[in-house]
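For reference, chains read A, B, C and D in written order, and residue numbers begin at 1 within each chain.
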Amino acid sequence: MIRISVDPAPIEVAVELAGVEELGAGAVASFTGLVRADDGVTCLELEHYPGMTEAALCDLAEQAMARWSLTSAVIVHRVGPMAPGERVVFIATGAAHRHAALSACAFLIDRVKTDAPFWKCEHRGAARSWVAARDSDDAAAARWAGQADRPA
Amino acid sequence: MIRISVDPAPIEVAVELAGVEELGAGAVASFTGLVRADDGVTCLELEHYPGMTEAALCDLAEQAMARWSLTSAVIVHRVGPMAPGERVVFIATGAAHRHAALSACAFLIDRVKTDAPFWKCEHRGAARSWVAARDSDDAAAARWAGQADRPA
Amino acid sequence: MRLLYFAAVRERIGTGEEVVSPPPSVRTVADLVDWLKGHSAGHAAAFADITRLRAAIDQRFAPLDSELGDAGEVALFPPVTGG
Amino acid sequence: MRLLYFAAVRERIGTGEEVVSPPPSVRTVADLVDWLKGHSAGHAAAFADITRLRAAIDQRFAPLDSELGDAGEVALFPPVTGG
């Protein structure tokens, strides 16, 4: 099962996890990215490229399903404005065994950061600034270029 | 925040995740182990060593907190009888960054399998059999013996 | 050809979308960007630093030296920062 | 000395707990196991394959060649299988 959602509504992790658990996998891994509350950001705004975003996320989920023989891959990304502490992105993977689920989850969040057309704009009171891409994200995504089930 | 729970009651993942999210971490990783529904098991029974179990899990959580600078580490392990599809174990980790949360989560589930006194007994109808320990679990736990933040 | 702009590129140009008909000499994405720079001060500002520019042709990421071919939709934007 | 047994070891012996006073010649966990084998057919069966036996002294995992010292609680059990 692949589920992709790009939506301005808050992310419901319990509902998403239940969907993955229902498929009878023995192992479920998840990752939640939240708006950090510790650096003065009052609002985080997520812009995206409608159509291309969903296709890019679906392609990543398909890669993960095949590489780790997953029972399910879920990628939910919020867009629009959100407050500190709110969920920006949620990934869940189901597999028969724990290392497949955990590796696939790490792969998906690393690659969502570099392979899907989203842009973050931070508001600090009245000031707005676009977040700069980080070289460390490119390096993290590149770790997955090999065929092994986990990066070196 | 460290939270350890060893309890016969069903595991409530939404409540556990909310507790980790509340601490203002930017990244939350989780792992859920479920009773597999695909191999004829009608009931899984978990025995443990009261007192030593909680101490062993607390020690693992403390190691993870220090090694990956976590904001929180949660280990919830169910004991007693449970049905296929039910949750056996739940791990959640919170950190400022995703790789810390994901690596710590993988560390904890690998080490819970080898470093905490639990024993699984599978029921298949009227037949009962104790689950044998696996060499692959020892190997997975040993990967974390180094000081790097992720295994080779 | 339909052009889409996102994030800081969109804000500098002042619109998220426009339709253009570049001359035949515009063969690659880089050629297109160079040609667009002459359209307005906003375009010039948005495309001043080409090392900070990324592109997609028909909704697939494409290097700036990619041929446009018969592309129907070209998007120009800063490096992505989702997740 | 309080002894605790878990899982298949507990089932073969028929109890999860007993109190024993081993002689001074019993210095290590392995000595203790050897001495316990003579207590009943259940003990002998539970400890027949020492390679499948693990131990904890005062609630900490301990190799079978560990000295008992002044241990108050010794647990004997199969390799763990939680998680």
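We adopt the following convention: contacts are C-beta pairs under 8 Å (C-beta built on N, C-alpha and C of every residue); 3 or more make two chains touch, one makes a residue touch a chain.
Given the structure is predicted, the values throughout are model-derived calculations rather than measurements.
K.L.:
Spell out the chains that contact chain B while also contacting chain C.
P.N.:
Per touch definition, common to chain B and chain C: A.
K.L.:
Could you please state the distance in Å, as a whole number, between where the Cα atoms of chain A are centred and where those of chain B are centred?
P.N.:
23
K.L.:
Centroid from C-alpha atoms only, then distance chain B to chain D, rounded to Å. What do you get?
P.N.:
The mean C-alpha positions of chain B and chain D differ by 26 Å.
K.L.:
Can you work out the whole-Å distance between the CA centroids of chain A and chain D?
P.N.:
Chain A and chain D have C-alpha centres separated by 48 Å.
K.L.:
Would you mind listing the residues of chain C that make contact with two or more other chains?
P.N.:
none
K.L.:
For chain B, which residues are shared contacts with two or more other chains?
P.N.:
Within chain B, residues 33, 109 contact more than one other chain.
K.L.:
Which of the chains touch, listed as pairs?
P.N.:
A-B, A-C, B-D
K.L.:
Under the touch definition given earlier, write down the residues of chain A that touch chain B in their complex.
P.N.:
The touching residues are 13-14, 17, 21-22, 24-38, 85, 87, 96, 98-99, 101-102, 105-106, 109-110, 140, 152.
K.L.:
Please give the residue numbers of chain D that touch chain B in the complex, ascending.
P.N.:
The touching residues are 4, 6-8, 10, 56, 59-61, 75, 77-83.
K.L.:
Taking the complex as given, what residues does chain B use to touch chain D?
P.N.:
33, 46-49, 51-52, 55, 77, 88-89, 109, 112-121, 130-133, 137
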